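Going by the order they are written in, the chains are A, B and C; count residues from 1 in each one.
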Amino acid sequence: MSDRFDPDPKSAALLEVTDLVRHYTLPRERLFGPPPSVKALNGVSFSVRPGQSLGIVGESGSGKSTIARLVMALDRPTSGSVKLLGRDLHALPKDELRAARRDVQMVFQDPYGSLDPRQTVARIVAEPLEALAETSRAEQRERAGESLAAVGLRATDLHKYPHEFSGGQRQRIAIARALITRPKLIVADEPVSALDVSVQAQVLNLMQDLQQQFGISYLLISHDLAVVNHLCDEVCVLHRGVVVERGAPQQLFAHAQHPYTQALLAAVPRAEPLASA
Amino acid sequence: MPLLEVNDLHVQLQTQRGPAEAVRGIGFTLERGETLGIVGESGCGKSITVQSLMGLLPASAKVSGSIRFDGTELVGLPEREMCKLRGDRIGMIFQEPMTALNPVHTIARQVGEPLRLHRGLSAAEARKEALALLERVGIPDAASRLDAYPHQFSGGQRQRIGIAMALACGPDLLIADEPTTALDVTIQKQILELIRGLVAERGMALILISHDLGVIAESVSKMLVMYGGSVVESGPTPAVFAERTHPYTQGLFAARPALGAPRGLKLETIRGSVPELVDLPPGCPFAGRCRYTADACAATRPPAVSLPHDHRVRCIRLDEIAAEEGMAL
Amino acid sequence: MSAVPAAVPSAAAFKVPGFWHRALRHRSFTIGAVLSLLLVLAAAVSLVWTPWSPYEMDMASKLQKPSWAHWLGTDTFGRDVASLLLVGARASILVGVIAVGIGLTVGTALGLLAAARRGWVEEAIMRLTDFTMAFPAILSAIMMTAVFGAGIVNAIVAIGIYNIPTFARITRASANAIWSREYVAAARACGKGSFAITMQHVLPNISAVLIVQITIRFAVAILAEAALSYLGLGTQPPQPSWGRMLSEAQTMMFQAPLLAVFPGMAIALAVLGLNLLGDGLRDLLDPRLARAR
């Protein structure tokens, strides 16, 4: 049984999501009759090309976190497919799926919850490599050091614990963890929402640098239009489990067609007029 | 006489590394019906400031200075007297609608509670008042939902219920601590409109805390920018937004990603990170991170420099900043 | 039975500088630690030295009051009470360690399995613990020793079996809280399997809860052993046991009341010490106090 992940050479897209549907059944409320269900995603399709970044904008209940989980194969879709480099992730055997994770990593929202408080930074950052079981401890440590340097932290931080760092620094550690396998795609679920504005700016600049330096694509999920605008080539607006509008950020934000997009844009409190495209 | 007058307020907290000053000599006044915004990032002391107004600090905190509310000195006021003010003359809206309401009490009971406590209304009378309040804050179908529990409402509705509670006794001062941070942006807009409407309607004074400059711009007539426990810049909102004199204020504005900005534009960041309270220098808290730091900055607290339109900045390097930025002061 | 903690205490607390600083200032912790240490010390010392032999009967000097020769007096058979107490501590500790050990290993394993697998495995394990807990603990222990014979081994097994569902429940509840944390989601996103996640992430983060539970169950085990020995079902003569000392002292209540007071105090202090230690640890390991920021 091969445990390597071989991409499909015919596919041009890095990530291709087709008609993704996810319904959750809730516990029964009545003895007879069907149990209630939450329709989190109702047929979402999008694709990410190599070197490009896609943003998914939505509010709570839009299904954006569900997309993150399905793309990372942390959850199974009710129907539809998630194809990474042409191969359907949910149809892969376990070993190949594990190998596939080399190419797609995730950054979570909560800098305080996404790092294990009982592990050193070295172990946390090296975890994706450790899971792949291909490298020695020494090499893992070395790569962890490289990853930390790439996000602006130091090798001396390797033996420290998460509680010794601020929110922004912890998010950098989370990014370093996502970088260590040199993935092609990073799924970032609200990566800067929990950070202060000035710290947010530092992390966004970092993400931009990594984009240019390593050619990483982001699947950026956020409720904040300005953040998505900053990092992505294309934006999908998600509302109640469907994509209501998509396009390049500048065009979308200047000439929104769908009423929901317009409502979203109108609701953003503005301290100054929109910069003209 | 101003409704609220804060003078040289100092709050010392016990941290893991010993005592630290969380609020370092701030002062401001608020007239009846005026709206004030406090903007700053985590750890700047904005929440501690309003908690000291309400007397909600931990027991180990030491407060000095003066807080005069309608003539009454709040610093050192015994708890019993403070209880009479809270909920009656001063109302507060909290950040987390999920946890600010008691999950095992009906909303009628919670909204009516301040009325029963401060106005001595009976249960039936309080219930009638609660209904009127809930309708005013826009809870749909309020009459049939009086006996519902908080978990049966959405986040935005829970915040409306929280607002109803804060307003129940018709306070003179409403304090809103990041009231919309935990809400979606479309709901945020509705809640802010509601707060603005109520404040105008009832002639209340408002203190609104936010980290979001956009929220401040739309909601308040004057503002304070806080950093490291001090007010670094204060003044009427249009003046502060237009002039942005203090380097920290400039950094805060520059760091926001703008909608519609071209791709590839780097955001301007403030170098370094916020130091812990115990590590702040005795002088300007921004010393070290600031581009214009001089040796004198960390040593002594910068005095307030008055600019036109009641606009004040605490910085000793204003001349250099003006020269470099080509600004007129 | 202790309630499930809402926030899982963080074992990273030990690594925060100033933990021992706070610990030594915490009243419950220090008193509890001192008493518990005394218990262990008593048992340890008794291995190498006791003032008199606890087995030596000296009818000539029976029922004596405390004196310089016999620090706590003698019992109905002329045995030295102080020596009996020291050696009796051994039985208490032995029962505590093994009974809690059984509960800890088997119970924790079951709880971790339940939290990792969820679904019907979790249901089955939980119903099993419910079933076991439905039987009153002491009565079950009595029944077991009555059926399988009295003696310290059977007493240990009887008490240990009851610890299994306790640890299983508390482990499962805390482990479930950890499974919903984002760093576990991050580990799953790396491709880590349930076993690796349980060992590397879940277990270290619930260790604080388990430590507190161990001290509490240790105290319960000591009490249970005393109760069983009091009834004659636990440690058998001539092995000294605090519980049996109490039972023997009953008939002499009016002639020599001190004979009941000393073992009673020993039990009370041991249990108090362990409970205070557990309380102290629970406070000190609370994540709210453990976080540096």
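Here, contacts are C-beta pairs under 8 Å (C-beta built on N, C-alpha and C of every residue); 3 or more make two chains touch, one makes a residue touch a chain.
Computed from a predicted model, the values in this text were never measured in an experiment.
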Item checked: Most distant chain from chain A, judged by the mean position of its C-alpha atoms -> C
Checklist line | Pair with more cross-chain C-beta pairs in contact, given A-C and A-B | finding: A-B
Margin query: Taking the mean of the CA coordinates per chain, how far is chain B from chain C in Å?
Written below: 50
Next item on the list: Mind checking the centre-to-centre distance between chain A and chain C? Centres are C-alpha means, answer in whole Å.
Entry: 47
Note to self: Using mean CA coordinates as chain centres, what's the gap between chain A and chain B in Å?
What the structure shows: 33
Notebook entry, point to check: Could you say which residues in chain A touch two or more other chains, in rising order?
Noted result: 166
Next item on the list: Could you list the positions in chain B whose residues touch two or more of the other chains?
Entry: none
Checklist line | Touching two or more other chains - residue numbers and ranges from chain C | finding: 16, 292-293
Next item on the list: Give every residue of chain A touching chain C within the complex, in rising order.
Entry: 72, 74, 97-98, 101, 105-106, 108-110, 113-119, 124, 127-128, 130-132, 161, 163-164, 166, 174, 177
Next item on the list: State the interface residues of chain B toward chain A in the complex, per the touch definition above.
Entry: 41-42, 155, 184-186, 188-189, 192, 211-218, 241, 251-270, 273-274
Item checked: chain A residues within the chain B interface of the complex -> 59-60, 166-169, 196-202, 204-205, 208, 223, 225-227, 229-230, 233, 249-250, 253-254, 263-272, 274-277
Item checked: Parts of chain C lying in touch with chain A, wherever the complex brings them together -> 10-12, 15-16, 181-183, 185-192, 196, 200-201, 204-205, 290-293
